[in-house]
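Some structures are shown below for you to check.
Two complexes are shown next, each including chain A; its partner changes from chain B in the first to chain C in the second.
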Partner chain A sequence: MNILPTDRVMPVLSCASLLSFWSLDFLSFQPNRIVPGTGFSADAALGWPWAFCMTALLLFIIAASFTRLRYRHAVQLVCLILLLLQLPLGLAGFSSVQVPDTLPHARTGIASGFWLLLFFAALMLIELQQKMHLSRLKILILLMLPLICLFWVYHTGQIESLALVREYTARSSQFQDALRVHLLLVCGAVGISLLSGFLLVSLMRQWPFIQKFIFGLLNFVQTIPSLALFGLLIAPLGYLASRSEFLQSINVSGIGWAPALIALVAYSLLPISRNIFIALEEVPYAVLESARGMGMSRVQVFLHVRLPLAMPVILEGVRITSIQAIGLTAVAALIGAGGLGSFIFQGLGQAAMDMILLGALPILVMALLADLLFSGLAGLFRNGAKQ
Partner chain B sequence: MSNRKRLLFWGLPLFWGMCLFLATLGLPWLEELFRQIAPGHRQVIYSRDSFALLLGNHLLLVGLAALISISLGLASAVFVTRPYGRDFLPLVTQVASMGQTFPPVAVLALAVPLLGFGALPTIMALSLYGLLPIVRNTLVGIHSIDPALLESARGMGMSPLQVLWQVEMPLAANIIIGGIRTSVTINIATAAIGSTIGATTLGDPVISGLVNGNTAYVLQGAILIGLLAVTADSCLDRLQQWVSPRMDSRT
Partner chain C sequence: MIELQQVTKRFGNTLAADAIDLRINQGEFCVLVGTSGCGKSTTLRMINRLIPHSSGLLTIEGQEISQLDEQQLRRRIGYAIQSTGLFPHWPVARNISLVPRLLGWSEARVTERVEELLELLNLPYAEFAHKYPSELSGGQAQRVGVARALAGDPDILLMDEPFGALDPITRETLQNELLRIQRKIHKTLVFVTHDMDEALKLASQIVVMDQGKIIQQASPAELLLNPANDFVAQLLGGEDRGLKQAGLLRVAERMLPLPGPNSLDQAPAIQLHDSLRQALSIMLWHQCQQLRVYEGDSLVGYLPLDRIIRADSHV
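Moving on, here comes the complex of A and B:
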């Protein structure tokens, strides 16, 4: 019996894509930064033939799910990648047609139809990944095609009129600074909390009675909203800095990087130390015993047996922590810590939508990449343990 | 449970609730103290809106968002675990766990280009983000039920709806409330940041204090936000505990 069920997920998602593709504005055009943009529907933005090609791809995806072909998911995946390839090309085509040389400040924008199409395409990609049991790495490699295409149209200057690109070019050095600060804060927080997590856990293993207290305290800190914790740190740190020459010399004050880092570490400690604790506890006693029996020293048992076996769970803690820290660092921009959040809040202050995107989109990408990286690493260690 | 035990059980949320209540009404009386913290400012008590109004608004935003995400989250999780929606189960499971990698601030910020400024985009962003932990936990809760139990419920002649309401929901309640707790905790924090996109919340004193360099404002806002979060969290924690033992006595 090999009757493949016709699934309804792909047709539903493609219909939703078609609907947003045809009923909403696809791209938009602004003569300058201040004037509100005018929206263009898909056929007006891309021209009839192109819009029909993309529609045909989506219809093909729908049709493929009603067939009993064994390779229908692969066919759908190819269609989807082809569709995604059209998006950067469409942007480039629209920019070259719409933006006259006489308007140097004109900008093209991405409208809701485009975003929704992208969203549904992402959902279809996730669905196909599940159906075909592909690893996330393979999907990422496939996604490289549209991404390289996007990079190519960017690099050759074909989408320099895109509002997001215009915002970026105007602030490229600021952006790189912000990105560096953001990464530095996240890495610093994760690094410090990883070290202190190990320290805390070894203390807890020494004296089990402090375990409940420490986890209780860390849990309590985790409940306090980020804005409140940042706010609560301003007064005491400001006071300390005003008293100490040394703190002033390393640029510590009530606002800036210092309260941000302290708060980030405070938030990171719970997931990290909880995972380290669980990971080290979960290593089977028999394994440790046999390692000792083989004549390994205590240090060797820890480094060669216990730590590698505990690694997947520890890395899961690092994954949770870095994702959390990436988001919280964005909030830290409010207390002057810099980072990509400063674009978000500046953009909100000036009602400059593209500046908000310039801050928010890299944060999303960073969080996704951190997720991918650490879950991949944890997978490697897990496979290593199996062999 | 005897009265005394019940009081002890709800003691912690009551304590934090009292602290929140007292702070909301009492902060303006601590003017002298705040003058020490922010010397050189003519005004040291945030007065554009009363703290009670800010608290009420904050609660309203979070409450509405929670209402939307609980109803939508439960509905979609139940839909994908029924036979007619099972196609969508892998997708929804994956999206609910992947979506949580998105930082809530970024979601809040992205709501503005799409929906504009104000309270409504805040509620939309909060409910969308709050949906994920609820969907995920409801799915985990429903899947953690022993299939034999469902089979016997069906064998007793229960209709699918009865199985859902009388078996699945009560057994999953503990985990579902855990999801609601996560969702509400995140939303209280995100709603505070919502004051940067034009919603009136307890974040207002903090933001205005940061802009004007008035540490006293920042502190007042931060204390109230912190107390609100701790109160809500301990309430839901107790609710979660209160739901689980009742199940045990029934089985």
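Moving on, here comes the complex of A and C:
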């Protein structure tokens, strides 16, 4: 039997989870949107048996770390998923007890203990993923269990009193609009900068002397604070729009989607062009020379050799750019571009934490999904090359 | 037949190849040898137009190559280089099938060709066809490189120091296999190396180059006997020349018929097709003056020390 040494990370994280689970408020209750909420500790919110059940899972994770069992990481992973599965169920249970149908304005909230537990659980998940050498896709599939559970309690109306859900229900069509605009802006910016990146790089490869100038310019753009760049574009675009009927007809003005898209593209161009340039330049010379020596045409060498070998690094650029654009688009809400950022700024204005979350959580999820998608794609190309 | 007449290549002010005159006949194993920067690689790469020649005539089968379509020309000429240049994102079989596919062969013919070539280079199809270049050892990758160069069944094979980066044992194995393959397929081979031993072992014709010029052009035996100048003599290894020459001669050429002297029973054994150099080495090692010569398992003659030193010696 293969005997592995015991580890320290898991018990520490698990102890931290236990501490936050028992010492901080787990869930909260507000009679309406304005009144500050009252916090409930874990045992008060869930009841004794349930709280002890979750404590037992965490203790089990700690205990497993001190064994020398070969499958202890798998045991810990199962415990962790079971723990995560409790969270939506706990929310549903708490809501049904605290908010009867007779209180249509009352809402339940997620308190600090809950968030911290979620945070430590995520850290434990990453730790286990690395210890067990699991792919991110496998972790995602495992995470589908608690996510499906969350969707089920939401869909059956069991957590409709949750503040976040109440905020969403009140603005569901606005939310969908914002989500669509956000996605459109991000995809547009990344798509346009990918195309112009290829164009710029082919120009730079044709005339190497412009390379310094272009990268210098892109680097300079990168140093302008995003808010300033959005602001700087208002005047020139407003002027142009007032002069051109065509621009007016496609809704271009000093504020709105146009300056946002321009600024997003300007920021995305540097990481994308830099990665495309480096990726294409770093294909080994011997490989390209033998491709030509075998009688491949220039186009064939580019499409079948240079581009596929450059693909992982190019996709890495797309990944960085997408994540950056997803975050920057939130700021673009300030100049009236819409998107999920509008909830964040409205929420900040009204000091409504749940409304901020309504904007911030989907941005977080989008960034994680983009990361997963593009690193997965890059991995596919890399697997083929196995360099 | 490849013919170069007054072929010159200029890079700026430097002459990489200076008025090269060279004729390489069909089926010849021509080795260009010289120190680095002598123009041997440039000369090789002018033949498949990876480097265009500045002036002079460079013809293949009588056709000036600058008049031919560049890609068609290259597909007719196999090309193997030191770093193999295999495509890291393609498995072995697909790498080998590159030129046949460019030539538009049918899928069945391509597969058949890949199987044939992997067998020719001692790489079992089932084991290697689906591996990626990064999963191969240096020697295996170089075999695949040679297979890829041969894939389109070209008449001409250009090789630029293909075994330069390999360890001595692998290099020797691959040299022997290249000789075996060449005996079987009779291509016109142009091979670049800086290693004179490799040149002496492989070539039917050696071309010694220095500073863009051809210094001497001769068969290995002739080169050893009459080096044109001190530079060639130095390349041939100075004092080691005798041993190098012995390396070119077979035991069969100097062997004496049976029966030998009575003391022969104690003598170490050597094979008929081994070189005199190996025979000398065995004698030095065993501190003896004669060897029993075998062909396979049967004793066919004996070889005394005097016969290695002088062909006209009679014991």
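Convention: the second predicted complex is superposed on the first by the 383 of 387 C-alpha atoms of A that agree within 3 Å, B and C clash if a C-alpha of one lies under 4 Å from a C-alpha of the other, contacts with A are read in each partner's own complex, and residues count from 1 in each chain.
Basically, contacts are C-beta pairs under 8 Å (C-beta built on N, C-alpha and C of every residue); 3 or more make two chains touch, one makes a residue touch a chain.
Nothing here was measured: the structure is a model prediction, and the numbers come from that model.
Novice: Counting only touches as set out at the top, which of chain B and chain C does A:Gly359 meet: first, second, both, neither?
Specialist: Only chain B is touched by A:Gly359; chain C is not.
Novice: Using the touch definition from the top, say if A:Leu309 reaches chain B (first), chain C (second), both or neither.
Specialist: After superposing on A, A:Leu309 lies in contact with chain C but is clear of chain B.
Novice: One more residue to check, A:Leu377. First (chain B), second (chain C), both or neither?
Specialist: neither
Novice: What's your read, chain B or chain C touching more residues of chain A?
Specialist: More residues of chain A are touched by B.
Novice: Of the partners chain B and chain C, which touch A:Val287 in the superposed model: first, second, both, neither?
Specialist: second
Novice: So, does A:Asp7 touch the first partner chain B, the second partner chain C, both, or neither?
Specialist: Only chain B is touched by A:Asp7; chain C is not.
Novice: So in the complex, which bits of chain C are touching chain A?
Specialist: Those residues of chain C that touch chain A are 48, 50, 70-75, 79, 81, 83-90, 98-99, 102, 132, 134-135, 148, 158.
Novice: Inside the complex, what are the residues of chain A that reach chain B?
Specialist: Chain A residues touching chain B: 7-9, 112, 115, 123, 126-127, 129-131, 220, 223-232, 234-235, 238, 254-255, 323-324, 326-328, 330-331, 334-335, 341, 344-345, 347-348, 351, 353, 356-357, 359-360, 363-364, 367-368, 370-371.
Novice: Name, in rising order, each residue of chain A that touches chain C in their complex.
Specialist: 284, 286-287, 289-297, 300, 305, 308-309, 381, 384-387
Novice: In the complex formed with chain A, which residues of chain B make contact?
Specialist: Contacts found on chain B: 37, 87-88, 90-91, 94-95, 98, 101-106, 109-110, 112-114, 117, 185, 188-189, 192-193, 196-197, 203, 206-207, 209-210, 215, 218-219, 221-223, 225-226, 229-230, 233.
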